[in-house]
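One structure, pasted below without further comment.
We call the chains A, B and C, going by the order they appear; numbering starts again at 1 in every chain.
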Amino acid sequence: MRLILRRVALYAVTAIVAITINFFLPRLLPGNPALAVLGKAQSAESPQAVAALEVQYGVQTRTGEWGQYVQYWDHLLHGNLGTSLNAYPASVGSLIRAALPWTLGLVGTATVISFVLGTLIGVAAAWRRGSWLDNLLPAMTFFQAAPYFFVAILSVAVFATKLGWFPASQGYDTATLNPGFSWAFIANVLDHAVLPALTIVLASVAGWILGMRNMMITTMDEDYVLLAQAEGLPRRKVIAYAARNALLPNVSGFSLAIGFIVSGALLTEIVFSYPGVGYLLFNAIGSDDYPVLQGIFLIITIAVLLANLLADFTYAFLDPRTRQEA
Amino acid sequence: MRRVLRSPKMLAGLCLCAVFVIIAAIGPLVAPYSPNVSASTTLGIAQPPSAAHLLGTTQTQQDVLSQLLVGGRSTILVSLVAGVAATALAVGFGVAAGYLGGWADDLLSMLANIFLVLPALPLLIVIFGLLGRSNNPNDLLIGVIIAVTGWAFGARQLRAQTLSMRARDFVDSAKIIGERSWRIMAFEILPNLVPIVATSFLFTVIYGVGTFTALSFLGVINTSQWSWGTMLYWAQNAQAAQDVHVQWWWFLPPGLAVGLFGAGLALLNFGIDEYVNPRLRAAGITGRRARKAGLPRRPKPGLTPVLPSREPVLRSREAA
Amino acid sequence: MSTERTIPPAELGTAGKRGSDTLIEVAGLHVDYGFGEGAVHAVVDADLTLHRGEILGLAGESGSGKSTFAYAITRLLRPPGIITAGQVKFDGTVDLLSAAGHELRGMRWNDIAVVLQSSMNALNPVLRIGTLFADALRAHRPGMSRAAIRQRSGELLEMVGIPADRLGSYPHELSGGMRQRVLIAAALALNPSVVIMDEPTTALDVVTQRQILEELMRLRDELNFAVLFITHDLSLLVEIADSVAVMYAGRLIENGPANAIYHAPRHPYSHGLLNSFPRLHGPRQVMEGIPGSPPDLRTPPPGCSFSPRCRYAFDKCRADPHPPLFTLDGGRAAACWLQDGTETVPDELAVRPEEEP
């Protein structure tokens, strides 16, 4: 339990740090982007928008820096992430809320598949050392190094354009379908999700495979595995004895990897014009929509922190040694 | 040392990395054209490879090969800078935290954990986005900024290793002699950490390549500053993969370059790993002679192999 | 503790009356690490016999090959270990070295059980103790019900003096002595006829050591299993072993009844070993060590492997072949040219009637 509490404390501090960074960056970076934003806004946006931005970026207000910081926190705690420049008057929150389910669905499913597949293959590769599986390893280092979006582009080129098996873009056929819980819609969504999910799996699975394999090799040398063999346990059980222990570092490695996987997923969405947070991000970059950029940074940070917490719980569940009270 | 070089993974990694270092060094010098120059203003479609353009052209008739070579230097340089800077930070924070202990350790560890958990790419997007494309940071600065997000992992590993070293005898004897803390850290502990520092460096360079390429792909970094990521940005912009005539020559080279560079570094890392952790190396019954004698290639765990001939090999040094 | 068992001992395993029945007969065992040039000969030409109900101590320094020998017998030796020659007959019928995988697996734990050295490492840290017993029982008694398994597991724990409710504990929740006892209890789960113990008490303090050894003797008297007890501590063996075999540089250089070897060793190495540590009782003695160190097994010396350090060595000792085990009176044997019947044996190593302490 103490372990979990310490992790929660860390995440809380990290969240505070992230929010603080978010607040100070526009004010600290050279070229005062706040002014640049406002300069652009004044010519293009309505006076109300400009006024809102002035508050958000602390330009031409009478409250001091600390007061603005508190105001910022106040807004955040009320769920107010600001107003989008590009899609005025849409709030940043509403934009993200629309995009988030797509990203969560995609990343969630793909990550789970990748982790499970990677772990199983890793176990097999370690158990059958010296078999053909070992020759796959160099190919896997390539996939691990290739950027997510490159794998995405490749899969678009191969599976969508050349083979025509799956659609190359979007979350569903916006031209012909309306969102709803009809079977046609769901099937269409799944159809559009296959390639993005495949990309994420391909780009991330190598890490799990290699990690699990190396851990299994070390674990299989342990005495408790020898004991399991000495007991004449069936092979399945012996592998399980080793795998249960080898799994632990992979689970804690999950915490580290989740940040990367989320980032990679965002990039993948861009290639597929998938209507998730990544696509939103890309458009925000292109149109210098700073409020959206900053809002996305916060939301992603919180999502990653929550995922980390989940991984920590899983680890505590799997490893009885952590349950020892100090 | 020879044993290290004999590992095929190590050799492959070294070769790949050498190729890319050469590209970084002489790339812009041997590029046939300037990457910005359009060969013609009338053609609107990317051209496949030809004699004049070995890797074809982009939609605006710029030479892909030149972009690859010029962009290569930028990409590799930024990654190396990121690697060096991040490793320096990792060594500084990690060893200090491990050696000093107490509140210094608590503080530095907390710092490392925060940076470890903060998602790097979104943060970098905000930083570079706010910096604005008008500010045009140079390669060195980009590398350093990326390093700020990438030092935490190495720092943790180094701290752990330093902690275990601190308890060892040779450190105690140095203390008794009266060596100063920083000297102990630099001259006693650091030399033993070299394999981990090497691994950390390689890992961070891989991270640097990936991150820089991603940032360029997003267009957050100036899209007129050539790099492999930028090439992919423009390729995606022109829908090179979605076009019915898939323009392989445009996006394959930069993507493959990033992948191969990363793979080379990863292979080097494997090599070091195997050297440090001998269990990962193939166990000692490999070889044709063993096969011929009837021994299984991979002995089943829990079933010690028995030589079929049951002829003991006596005095192995006299064996034929 | 209930006096009724769920399964009568006679129906489990192959334990039986103590007698001169030969349980394990090892002949000419050769074990190498690696293959081809650079292969290390860890065990060379070893013969050993273990009788029903007997406690046989296998003694030697680190690197003498005693653990290698014991694990090789049951084919549990880890890679790169290879058995290059020999025969291991179990119960006069099965040659363990040519047995197929499933045959071997069936015999494991049922007939031959192992107690590993480090109890902290031998117990799977993520599983409860009860799971260890349950898995072993289920693997060999597929018909056993859950309740029966639970009961039997509880009995086994109580047999070694641990309350049955500890079945739900994890290894890190138990003390070192308790963990070792768990290993012993687990080994006896199927009432095997042979238990191989690899330095089971080395990692424990002296008091716990004594307790465990006493438990062991009591259990052996009750269940009548044979024990192959591996240790570097010869003085321990004289207290519990019936017979002792001494290994040096991969070879069995002496064997015989424990008492006889302890009081009147015939091989110069055993002699040196026994004179290397003081006895708690008796007159004061001059301590002697054995000069030099054990040979590098990659390049063993010609002739007798002990000859470079032996004060009695003469020319024949330094040339091939290595002296074979010569049979001596009283069921003893020693691999030394001095004992071949033609040489004059120095007084310290002479055949003498057994002395009582």
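In this text, a residue touches a chain if its C-beta (ideal position, glycine included) is under 8 Å from a C-beta of that chain, and two chains touch if they have at least 3 such contacts.
If you're wondering where the values come from, they're calculated on a predicted model, not measured in any experiment.
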item	value
Innermost chain, taking as reference the mean of every protein Cα atom displayed	B
A-B against B-C, pair bridged by the larger set of C-beta contacts	A-B
Separation of mean Cα positions, chain C and chain A [Å, integer]	55
Cα-centroid distance, chain A relative to chain B, in whole angstrom	22
Whole-Å gap between the CA centroids of chain B and chain C	50
Multi-chain contact residues (two or more partners), chain A	221, 226, 229-230
Two or more partner chains touched - positions in chain C	76, 78, 104
Residues within chain B bordering two or more other chains	283, 301-302
Chain B to chain C touching residues, read off their complex	283-285, 287, 289-290, 293, 295, 299-307, 310-317, 319
In the complex with chain B, residue positions of chain A that touch it	10-11, 13-14, 17-18, 21-22, 25-26, 29-31, 33, 36, 127-131, 138, 141-150, 153-154, 156-157, 160-162, 168-169, 214, 217-218, 220-221, 225-226, 229-230, 238, 255-256, 259-260, 262-263, 266-267, 270-271, 281-282, 285-286, 288, 290, 293-294, 296-297, 300-301, 304-305, 308
Complex interface listing, chain C residues touching chain B	28, 30, 32-39, 41, 44-45, 71-72, 75-86, 97-98, 101, 104, 298-300
Of chain B, residues touching chain A in the complex	9, 12, 110, 113-114, 116-123, 125-127, 129-132, 134-135, 153, 206, 209-210, 213-214, 217-220, 229, 232, 235-236, 240-244, 246, 248, 251, 254-256, 258-263, 265-267, 270, 273, 277, 279-280, 282-283, 286, 297-298, 301-302
Touching residues (chain side chain C, partner chain A) in the complex	74, 76, 78, 104-110, 113-114, 116-118, 121-127, 135-136, 139-140, 170, 172-173, 186
